[in-house]
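Please find the structures below.
Shared between the two complexes below is chain A, which pairs with chain B and chain C, respectively.
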Partner chain A sequence: MLDPHPSLPEFDYIKPKTLAEASQFLADHAGEARPLLGGTDIFVRMRDGFWKDQYLVDVKGLDGTNEISFDPAKGLTIGAGVSMNRVSAHPDVKVHYAVLAEAVDSVASYQLRSRATIVGNICNASPAGDTIGACILLGGVLNVHGLDGKRQEPLSTFFKGPGSTVLKAGDVVVSIELPLPPKGLQGTYLKLGRNKSSDLSIVGVTAIGYPDADTVSGYRVKVALASVAPTPLVVDKVEEIMAAKPITEDVIAEAAEAAFETASPIDDVRGGAKYRKLMSRNLSKKALTVVWEKLGR
Partner chain B sequence: MAYHKITLTVNGEAEQVDVSSNMTLLRMLREKMGKTGTKNGCAAGECGACTVMVDGEPVNSCMMLAIECDGKEIVTVEGLADNGHLAPIQEAIIDSGGVQCGFCTPGILIASQALLDRNPNPSQAEIQEALVGNLCRCTGYVRIIEAVQAAAKMV
Partner chain C sequence: MTTEIKERIPSPIGESKPRLENDQKVTGAAIFADDIQFGNSLLYARIMHSPHPHALIKSIDTSKAEALPGVKAVVTGADFPGYLGLYLQDRHIFCRDRVRYVGDPVLGVAATSEEIAVKALDLIDVEYEVLEPVLNAEEGAKPDAPLIHPDLGNYKVANFIFPQPGTNISNHFKLRKGDVDGAWEKCSTIVERKFWVPHIQHVPIEPHTAIAQWDETGEITLWASSQSPFAQRNLLAQALGVSQSSVRVIAPKIGGGFGCKAGISMEALVVAIASKTNGRPVKLLLTREEEFHTAFVRQELIAYYKMGCDENGKILAMENTYYWGGGASTEYGVNVTRAAGYSCTGPYEVPNVKADSLCVYTNHPVGGAYRGFGMPEMHTGLEQCVDELAYKAGIDPVDIRSINCVKEGCETVTGFKMHPTGLSQCIEETAKAIQWGQKSPASAPNKRRGKGTAIMWKAPAMPPNAGSSAWVELAEDGTVNVGLGGQDLGQGAFTVMAQMAAAALGVPYESVRISSPVDTRYSPYEWQTVASRLTWSMGNAVVAAATDARRQVLDLVSEAWDEDPEDLDIRDGIVVSYKSEQEQPIKDIVVYGLPKPDDQGWLGGPIIGRGKFMPSYVTGLDAETGQGTRSVVHYTTGSQSVEVEVDLDTGCVEVLRGVSAFDVGRAINPALVEAQIEGGFVQGMSSALFEEMIMVDGFMQNPSFVDYRIATTTDAPSDLQSIIVEVPQDDGPWGARGIGEHPMVPTVAAIANAIYDAVGIRMMSPPFSAEKVYLAMLEAGIVE
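Then we have the complex of A and B:
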């Protein structure tokens, strides 16, 4: 009989003492070892037999992975091992990066967010990742430790496909840096799931906007979509349209239409491609209207 | 597969346990320590029946390895009562009739206690949000929410 509560398959838990040791181990065991943060995706995929790693390398607690800090001159640094709940509860996140806190709070449940991490969400590279859109639009850059030492990877060029990133064997993401947000930044994350709460997204829309004297409209507005393309998707046309003329309901509708046209979703268990495309438009319109209202319209 | 010796506190008692790499906190509690109040519902972090507190924070114990609990303080449903006296949230869920089959109850009690610890006077919306990760298939949640509201008044 099928066991309704299968255990995790056998693997060895590895706890390296330094980042260098972690990178070396991961490189020496490429294809059979994986960095472990909260494990909320890893355990499910291993239990279900999709991932068959021999080693899980716990990188929580290594240099810089457990801290979250805000520097008023530089911005926010979130260590890879910092739980989503710690991020959401951080007073500076609430003030300066409210859109990130909103996205974080939409992920699963409180007790899952005690374990889940933002860097884990990013490294999983699921097109549905709820926190990724905010991190991209806020200009996120990852601090990575690899075999050749430290380097930075901007999120804008990080994702290659579903579950696929520019990371190489031996790479450990140590933290994510979010620069100081532009003055007056407003944002929202709207998520359509199969239920009101705790589900993965059928479509997710992150929208941000801020005053910008260099545009005709006086605002710079950006949208990122989740679950409608092989990677998290920034719709560049939205930014162009929302900059080029004074913002009205019609301009927002035009920008939402661009989201519709850019989305290239698939049918899956959570929703059909056609529905996703239509909801990319409708949710983008709603999200842009929310941002426009927050900016004082 | 590697085994590890870990030391931790469970419901106030110091414990030393040998655990395999792939043993979850949930399995350690149930199979190594006989703490079967913590339930194995989905083993995928969705139903919340296995929720316990780790260093004061509610966690799905199916989503944490036992080895990761080395040095931590765990509280299970068995640890909520104080010297045989039920905690207010336990009294309240009995009084409100928020229990039917009882399978989800340990997780609900822990998640509710954790909510009251961080927010002694939660609104209904905050209670609903805090219990999003605890599925109940019997009571329909209304009485569970009433129980948390009643417990907040008792504390």
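Then we have the complex of A and C:
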């Protein structure tokens, strides 16, 4: 990027009054309009010239987008416009969804997290998104408002490729719902950056586990990987291995090997494919060990 | 008796006075170049850069841009045939026939808004004929490499730089001492290694900013974020063919320099554009991407080392070849390669030396001055080889340094007799502080700890006759105004100058003001704020000026009071007589003078002291052998020891502790010396672990802070120790010598040596990223 625009290029800022209005505008200007949340990615990409949208449609503050609420019977709902810092500071998130708070706190810097949002992180669909693994593993479902009204999109089938999702023109993600976590849930997010703070992930590993009487091991354990595939990657093989026999260090090593096998990273300026694959293994092993220890080993 | 003859160190020398500009910077009141208001007449410049690493310019069509409303000037190289350059005049202001790197300035536009200037660039067509690029210094030095500067033989060059016309070699420094070939057989241990140190950049928080204006009489004014207002005045005058006195450079506060705002770079572009705007000022503010692509970078280095020692660890011979990737222009960089040549052995006494330091043009960004001026790059491999030599010879790495390091009276590599130096003491101090030889337990089972040491030397690299000047003026209230031409880059130069002026004159520190911003129309001459030379060189000028003012005051009082000047003193701003016990505040004396003893008339008048300093003793070096009487003014020396922990799971290297000892001659302001040492350590650590301009086919792959990582406070070790050693310099103010650059010189090697101690691998190329370290451990079978 030799000659980015010295400041932001020109665009029209659209502030619709209703979700219906927002969906209509976005549909009418497909390919040249984009919903705006925190803007921490959009403005960078527009200045760089990667995105050339004529219209930014600010959906913050529309019905439900600015609220975060916890219902002890149903779970957590995070509005699309809620900043990451609000999420990680929320007392119920800290208690019931600690792994999400841990992932959130690894994103960029505190200043950025005052603007950045989890729904924005998800909709950008970067394979490196730090909060996405936790949202997927916790069973996240998106509430979407489109031209045809409201619908739900589970995160497990949401991502199609780097920067690509099932969303259509006119769709506005209003919130994400995370169901009540299973009893005894433990988790961790391990992020490998080039230096200690404010970096993007070379590899990110989210691991969760909870007691489950239906498994041989007595636990249900899951791993999601960031930055090692075209989309955020849940390694199903890990869940199978960790369920099938009593957990030992060897079983964790076997599960970590499955993460290594499943990862299909690329070479880029942040890291080589070979290193990323090896780190998928090493960090999965480390994350699974942390979770196992938290579960009481 | 000895206490009586011991030199009295006057207050506030040696006191940690807070930096003068602290309040202004903390409150945001400080004025930087971009803050200066020019009203509605201001025009905005944008630059079109070469998209090719190497190409001929076939045609430029600016007609559509010139017709765009709001566009006031379009300037190309055709308008400016002159050459720019500090040591080698090898570049035009704008490219004329050829572009030599991605980012080379092809033309500039000035318009009434930045948006219009951007649109204008989109309307300009440039046709190129792409040429084969040179992407590597060693390849570029070969006789069949594509020529980047076919006119090298015609360029003006300083008499101590040796270009090789018909090649890409713009300087070849040769050093031949003793009998290297005969020495190898006397060596019981020999080490041979190759290292590569990539381009990195200074990344000041404030990007380059300049505003230029030509008035109707041809007077040029440049406001710039600058380390070198006087050098810029001179270089601009040469390139434009105007007189120095018709160029005025004003240097407001600067948000970091580290060498990239020395000499001249984008400032010339904005001056050239302003020549076509009928007196309207023109501003150019680089984006961060432009900063990465078009501002000075640190040269890359491909270095071959061979060194050997006898069974006692005495180093007998070195044979070093340095290929410096100088980039598209080496106008400044040629002198980096010369400095590496005359300092090629590092801080060691070596009887037999063969060294070649070659400055090679490449189609990469332009190499300039970077904190350390070649020394961090050169010491990176050299100090690892010395470490390896020690291990192979069965000698402790600290001991081999103590045995071989330069000491007072020894003959340096250029034949210069070494002045008093505290290097041996620095080595002892850092070894002691790091608890050398004791292994501390790792923080986790999958981590390994190690310690490493590296030592360094560096001389101010500059022309032999780089000068400083100063004036000291006293006001009615006794306030002292110090005029100087160097710049405070955040290193605290102004604070230290105020301390020196106060001490030399005999007034309280609080009553000294520094006359700033530096303005070449009113400020006294200073070569440049580089080379860690201000405390020493500008300090000498300020002390001379303050001493001159003091002498004028005392001569006046002596006459008015009819006393011997030897009986008079100025203490705390009051003239006192030790004989008559009379006293009078200088504020009552320095502007209106004093009545004559008989009260019939007056003596004295406004007091202005003046002072200058220029070293007179630096000699030339033989072109074939690099030998001479005195190659440099002096060397600052020092030692660093670090402790690291390597994570076997990831390859992450964490620096746990950093201990530094440097011989600064005399710490005028110990807190500022410590700040320089800590800052230099972290900058060195950043280049050891994170920083690299990733170049592929001449294109930088990571021109933003997303992917060009620099150390943050979280990466810096919490345990940083700075030890100040003081072996006075004979011609430094109170014995002081510079410390600005030196603390980052040994850091990369010290960290590499600690990694070796931790896991037994040699890292031949920084940055030692987690990936590189892990893959090296994988190859060595340390991890799976």
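FYI, the second predicted complex is superposed on the first by the 292 of 297 C-alpha atoms of A that agree within 3 Å, B and C clash if a C-alpha of one lies under 4 Å from a C-alpha of the other, contacts with A are read in each partner's own complex, and residues count from 1 in each chain.
Just so it is clear, contacts are C-beta pairs under 8 Å (C-beta built on N, C-alpha and C of every residue); 3 or more make two chains touch, one makes a residue touch a chain.
Keep in mind that this is a model prediction, so the values were computed, not measured.
Pick one for A:Gly49: touches chain B only (first), chain C only (second), both, or neither.
neither
Of the two partner chains, chain B (first) and chain C (second), which one does A:Pro72 touch, if any: first, second, both, or neither?
A:Pro72 sits against neither chain B nor chain C.
Considering only the touch criterion stated at the top, classify A:Ser198 as touching first (chain B), second (chain C), both, or neither.
both
Scan A:Pro246 for contacts with chain B and chain C and give back first, second, both or neither.
Once the two structures are laid over each other on A, A:Pro246 reaches no partner at all.
Going by the contact rule set out at the top, does A:Leu283 touch chain B (first), chain C (second), both, or neither?
After superposing on A, A:Leu283 lies in contact with chain C but is clear of chain B.
In the overlaid three-chain picture, which partner chain does A:Pro91 touch, first (chain B) or second (chain C), both, or neither?
Touch status of A:Pro91: no partner.
Give one of first, second, both or neither to describe whether A:Arg115 is in contact with chain B, with chain C, with both, or with none.
A:Arg115 contacts chain B only, not chain C.
Mind working out whether A:Gly272 is in touch with chain B, chain C, both or neither, as first, second, both or neither?
Only chain C; A:Gly272 stays clear of chain B.
Indicate the residue numbers of chain A shared between its chain B interface and its chain C interface, in ascending order.
Common to the two interfaces on chain A: residues 5-7, 10, 197-198.
Tell me, which parts of chain C touch chain A in their complex?
Of all residues in chain C, those touching chain A are 46, 49, 51, 102-103, 114-115, 118, 121, 285, 287, 289-290, 293, 649-650, 652, 689-690, 694, 701-704, 706-707, 709, 711-712, 714-715, 769-771, 774-775, 778.
Which residues of chain A touch chain C in their complex?
1-7, 10, 192, 194-200, 202, 269-272, 274-275, 278-279, 282-283, 285-286
Taking the touch rule as given, give the residues of chain B at its contact with chain A in the complex, in rising order.
1-2, 4, 20-24, 27, 40, 43-46, 48, 51, 54, 57-60, 62-65, 67-68, 111, 114-115, 129-130, 132-134
Under the stated contact criterion, what part of chain A meets chain B in this complex?
5-13, 38-40, 43-44, 47, 56, 58, 83, 85, 105, 108-112, 114-115, 197-198
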